[in-house]
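In order of appearance the chains are A, B, C and D, and numbering begins at 1 in each one.
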Amino acid sequence: MEKDLIETRRFYHKIAEPAWMEFKTTINIIKDLRSLGIENISYGRKIHREDLIFGRPSNEKIKAYKESFDLEADFDTKEILEGYTGVIAEIDTQKPGKTFGFRFDIDAMPIRESQSVTHKPFKEGFISENPFAMHACGHDGHLSIGIFLAKWIMENKEKLTGKYILIFQPGEEGLHGGKSISESKYIQDIDYFFGAHIGMGLPSGKVGVGTTGFLASTKLDVIFRGHASHASALPEEGKNANLAAASALLNLETLAKHSKGMARINVGVIRGGTARNAISDEAMLKMETRGASHEVNDFLVKRSGEVIKGSAIQYDLDYEIKIAGQAPSIDQANYKFYDEIDSLLKTKGFDTIKSPDFKASEDVCYFINKVNEKGGSAIHFIFGSDLKAGHHNTAFDFDEKTLTTGLNVFKECILYLNKNGKS
Amino acid sequence: MEKDLIETRRFYHKIAEPAWMEFKTTINIIKDLRSLGIENISYGRKIHREDLIFGRPSNEKIKAYKESFDLEADFDTKEILEGYTGVIAEIDTQKPGKTFGFRFDIDAMPIRESQSVTHKPFKEGFISENPFAMHACGHDGHLSIGIFLAKWIMENKEKLTGKYILIFQPGEEGLHGGKSISESKYIQDIDYFFGAHIGMGLPSGKVGVGTTGFLASTKLDVIFRGHASHASALPEEGKNANLAAASALLNLETLAKHSKGMARINVGVIRGGTARNAISDEAMLKMETRGASHEVNDFLVKRSGEVIKGSAIQYDLDYEIKIAGQAPSIDQANYKFYDEIDSLLKTKGFDTIKSPDFKASEDVCYFINKVNEKGGSAIHFIFGSDLKAGHHNTAFDFDEKTLTTGLNVFKECILYLNKNGKS
Amino acid sequence: MEKDLIETRRFYHKIAEPAWMEFKTTINIIKDLRSLGIENISYGRKIHREDLIFGRPSNEKIKAYKESFDLEADFDTKEILEGYTGVIAEIDTQKPGKTFGFRFDIDAMPIRESQSVTHKPFKEGFISENPFAMHACGHDGHLSIGIFLAKWIMENKEKLTGKYILIFQPGEEGLHGGKSISESKYIQDIDYFFGAHIGMGLPSGKVGVGTTGFLASTKLDVIFRGHASHASALPEEGKNANLAAASALLNLETLAKHSKGMARINVGVIRGGTARNAISDEAMLKMETRGASHEVNDFLVKRSGEVIKGSAIQYDLDYEIKIAGQAPSIDQANYKFYDEIDSLLKTKGFDTIKSPDFKASEDVCYFINKVNEKGGSAIHFIFGSDLKAGHHNTAFDFDEKTLTTGLNVFKECILYLNKNGKS
Amino acid sequence: MEKDLIETRRFYHKIAEPAWMEFKTTINIIKDLRSLGIENISYGRKIHREDLIFGRPSNEKIKAYKESFDLEADFDTKEILEGYTGVIAEIDTQKPGKTFGFRFDIDAMPIRESQSVTHKPFKEGFISENPFAMHACGHDGHLSIGIFLAKWIMENKEKLTGKYILIFQPGEEGLHGGKSISESKYIQDIDYFFGAHIGMGLPSGKVGVGTTGFLASTKLDVIFRGHASHASALPEEGKNANLAAASALLNLETLAKHSKGMARINVGVIRGGTARNAISDEAMLKMETRGASHEVNDFLVKRSGEVIKGSAIQYDLDYEIKIAGQAPSIDQANYKFYDEIDSLLKTKGFDTIKSPDFKASEDVCYFINKVNEKGGSAIHFIFGSDLKAGHHNTAFDFDEKTLTTGLNVFKECILYLNKNGKS
């Protein structure tokens, strides 16, 4: 099984695709799931909440990508190819029991993969064929574990009880897709929820149990719209978008202070104006806020809105703020459940570490909070893995043995909770 | 007469008083005018337009100054001592003719006069007795010419025709008083209007005829009101007035560009906060705009308001903008009248220069525009004078011979226009 | 004894004096210590390190204060009255043993005390007689405990072993005095060091043992020196200190981000310019940095210096940065010692809380780090006290029973460590 | 001749090319001049001063453009195709006389021409074939006049005296090419110099004689180089180029004030950062300064350098400032010569206007100043032309009758000065 799992991971590594354009990826996951005999597979618009989709590319961009290749499928791929990517599969054992949810992210990053001879995917021929995307964060591994977990559940359906919902989420990078899918009507009423990430600073063999330290974060795209004018001849007729953007940038970066823990603001990108001698009529910022908690992050988002509005007023401009991505922190971590699973995994021989600190944002927290709120139990793992280069690096590569470890962690949880889960 | 004129100037130099606190100055002018036999002398609230008074000090400040000395007068000084300073005197020859208006400013500057032995007022004992004020811009000279012009008119009343209105205006510095007095009901329907300034870069003996280049200007006081908080322990509870003031200052200083001529903005004073470790709850700016024309200045005032409002919104603050002073440029200079007067003065032996450039602001322009609009003819002179130090310098001192020159210019204008004025 | 202790505290409350001007306070402490028969009393320049004195007022200010009263003493007070305040007393039992150090801060705050009838010091007649200072942080209590601890040591000298150094430190507020005194040659080689603060959020009766959470902090005074010019007539000749100060303020406030814990910058005060129509030739900022550790605070100080230098260069100005105060965090807390003392105090019936979080800065940390580095054991207590109003409030007043509690804590520590201290 | 002149203009309109890539344009001008029998034709590196070339595109860009077409020529085009564009032709009558210089700019703008049916070049089939360039400022007209002036000089060589230098300058837009060519050794010692621009607000038939109001201007490209870091996880390791660029932009825009006349600064373009969650490691500004005179412009360039340097220091960055273009104002306009030529043209029936105000920048001023300094006489004309849309507009089109007018103006000047020029 380990060999097949690695083959599957390498297949998906080759067809890496970025957020909302995981066309080949989604279609192949469906094919793989259908080949396992799973009938209840949902995809397309119906698994999304249109109003909660963040950071979707323009229709032009989606269309251009779609037209760059041919895909055959014996099911309707229309909505997928319109950008409604991702898959939710449900396996019902038809026996009373708990509902288990698993979330696997499937998107790659918009970077070009390393072609160095020391980079294993290149050397061994499974480098990304897409020059505009690379699995540099291990999501190819995550989704492959998901497919093999589905396989194992199907093979053991007789022995198992309850229902199993496998969520293949698009657009985790940039926190684009989690909110939309987490609000999907296809994933309500989960008793036990599981998420996981490969790598994240833990070595191969180590399993982080009950990850903490997820930062609440909001990604904002800001546009200032002014009025162009010849800067020398008619300066008073211009409405200067560059000045507003610079004023906003400087003042935004002063906001990151809060008594309730870590607070961050970054304006990573600024673009304004087209001609040296014209007063700029348009400028944009790409920014993010982060906070140790919702409260801190919400404060920063609110204050950012005030700074942006004020900057627009300073130069008599129109402005627009769009959420390009978002993730919460974990509201109420279920430490009791973490302890229970940690004991289980130790018993089963795993080398665990409790509650490792994520120090970053993940929209898996939408699922975790939702499940916890409804009285379920949610947990996130880190599947330690020796890395060749850091996450998001063009030479990122993880230890493929991690795939089996991860799969086994999920199996053991299912087996244990089938037996010991609270009714 | 020259000796008396100099004596009078020195008397007023000694009792220098700043804007809206020209108490001794106003009362002594009234006494002087009454001693000439002038009956129609107006002062106090009735010569002002309450809503158009700019830059008035607090009542506390006025009261404190008033209580620092005793003043005897056989007329009612109550309103003068409440800050309604200035005098308007009217001399009616009771013969048909034109109405002549003359404006003299009477305020000193809030600086301490030089006590250097090389400074003539100190050496000869007529230095300002008021440590908080000094006549460093020649207004002591202006008002003394006014008193002696009144004397000459009274002495020549039989020979003259028409009416003579002599306006002793408070608060020219900072453009505080001109607007209020110019709208006074006591100075309507002037046919010929005259203003003048001593010095201004011209040497003794030179007379500038028909001054141009007055800059429209507005003086604004800006206050930002936020909320204090411990900067380290509870930063999110503060509303930072210092940051808003700094943002406003920087962005205000970017505005001074206009295709229609000179545009200037200066934030000369910034004050914010009281404690190093507290988020500042209040900050203020003292600023000014200047423009080659009303249009330019009005544009700058409007844009300043937007920048200030935007800065307040950036930090979620309240704010207030108060006009502390204002003066227009000349709307329509009457060059034909300037030419006529220039010819006259040349004929009478004066060494004239036509239309010198003022390069500064003067609220005498309120009077000039008003008279011109109503079809009268208004003119402003510069009475050249060798200066010991520049205007506003603590060692400023002008050549006292200038007083006679100035007085004679006015006399010749009256005599000429009594004869040649259009009916 | 409790009554005398309260009397003493009230005496010092009445003569409240701010940093570096604790003239009456210092002289009275010396008198009190001499009256106990202590011979080894040091004061004046020799107990300071001139180069490490922060935030000293101008000589003019010190002189003016000194001249406002007469003080008689039968010892040389000259240097004290020049601003070298504070006292170090040493009591040597002449028996082998440990060296104990105690630090008491003696300065008041530069605020005017409440004259409300509900304010006990006013009602009972021991309100500060100095309109420019008030003991609003309990240092009157600290120093009174110090005097009575000296009294007890002298009375029990026969029973005790080792040496006792009592440090009466000037200028704790603003972190002015700790560095200078901590480097004094008079306080080397301490085996056991004790500091304490009254109040700080703990109720009467509670004793905080082994305070943590001291923030490293630096207080900076920044001056920009430019060149004045008429803002409208000759703008190019000005070097605009207001613009540099605003640029510095905005950019400084963007710096407070660090991965190693809390980071803060606040520019609490900005003052620039004198005349609305002049380009400002001078502006100043009063700012502070704070960090969870030296590393964070040092990073902020370094980055602040770069922003300030850059802002000066932007406007072609000279600038100056002066340290107005400074305190470190605790480098290596001696938790073992805290546990030992906590056990002791519990045994003796005190209601203790371990390692309370200070959440502020205190220059007592200079002493703590120094003692710890040399192998000694240092500890800081919080003597809980019900407060009428918060620290630094004009109606601050603590529960005087706290004085006895504090004194007893120190006595028990001495008795215990005389017996059990490591040799 | 008028028809041929129009044909020529349309030919060059079709092959529009931007600065330093006027490959087809340069080569065709050379061919045209050779076909007239002119022997002394210089081009390539030798007509330039390498160190004074501004705004040259990268070698990659030049190479890519060169490879996009084939050009045959029976002379060496190597250096032209490396970006050393432009031509200088000299016609020597071999008779004693004056040296006449004429400058024609040959570059197009980097914009795409309008394909509207109302746009004559599109309708009549001579629209630019280069999607990346369009003659939207009339330089196609200028250079065509130049070629036909050469033709006329060659045809009338026997009648004429002296030497004729025709300068076909690359890169006038952006002020790229004037400085380099004006310093060329091929154009020294000119007695009479002529430049001209079509349109510029004057109607067809009108000839502006002795253009004034050229603004001194400098175009600067600024790069800030910092250090990228994860904005949330390791903020202290970043060196934030976006913050420096915003600080520079805001502070630069405050500088445009000068007592000696119009002063402008515009930062038309800002680009910084690549990833929302990374501290930006690079940012750039495209800016320009303008001044009524060299003095004003030089002041702004100097002050800009200080603001940029200071901003880099604020964020501990490296920076680079490159001159991307530059032009002076006219140092000493030769009004006597303007009057002389104006009289001549009036006599010859032209409808002239004296000394029209250009209100923009032109690097022809380098030539004008140089000739004036050496005692020659330089003049610039505006050849009025009814425009379909303003300069730099994608639908710009001038009245082709202007070509003959312009050519005739030059001819009359030559004939007159052959006869009347000072020896």
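Heads up, the rule we're going with is that a contact is a pair of C-beta atoms (placed from the backbone, for glycine too) under 8 Å apart; a residue touches a chain by one contact, two chains touch by 3 or more.
What you see is a predicted model; the values in this text were computed from it and never measured.
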item: Matching chain pair for A-D (criterion: over half of the contact pairs shared, by residue number), options B-C, A-C or B-D; value: B-C
item: Chain whose average C-alpha position is farthest from subunit B's own; value: A
item: Rotational angle, Cα trace of subunit B fitted to subunit C, multiple of 5°; value: 180
item: Computed distance of Cα centres, subunit C from subunit A, in Å; value: 50
item: Chain centre separation in whole Å, for subunit B relative to subunit A (CA means); value: 68
item: Contacts with 2+ other chains: residues of subunit C; value: 233, 235, 240, 243, 247, 250-251, 253-254, 257, 264
item: In the complex with subunit A, residue positions of subunit C that touch it; value: 250-251, 253-254, 256-257, 264
item: Parts of subunit C lying in touch with subunit D, wherever the complex brings them together; value: 233-236, 240, 243, 247, 250-251, 254, 257-260, 299, 303, 306-307, 309-316
item: Of all residues in subunit A, those that touch subunit D in their complex; value: 174, 215, 217, 219, 231-233, 235, 240, 242-243, 245-247, 249-250, 253, 264, 266-280, 283, 286-288, 290, 324, 359-361
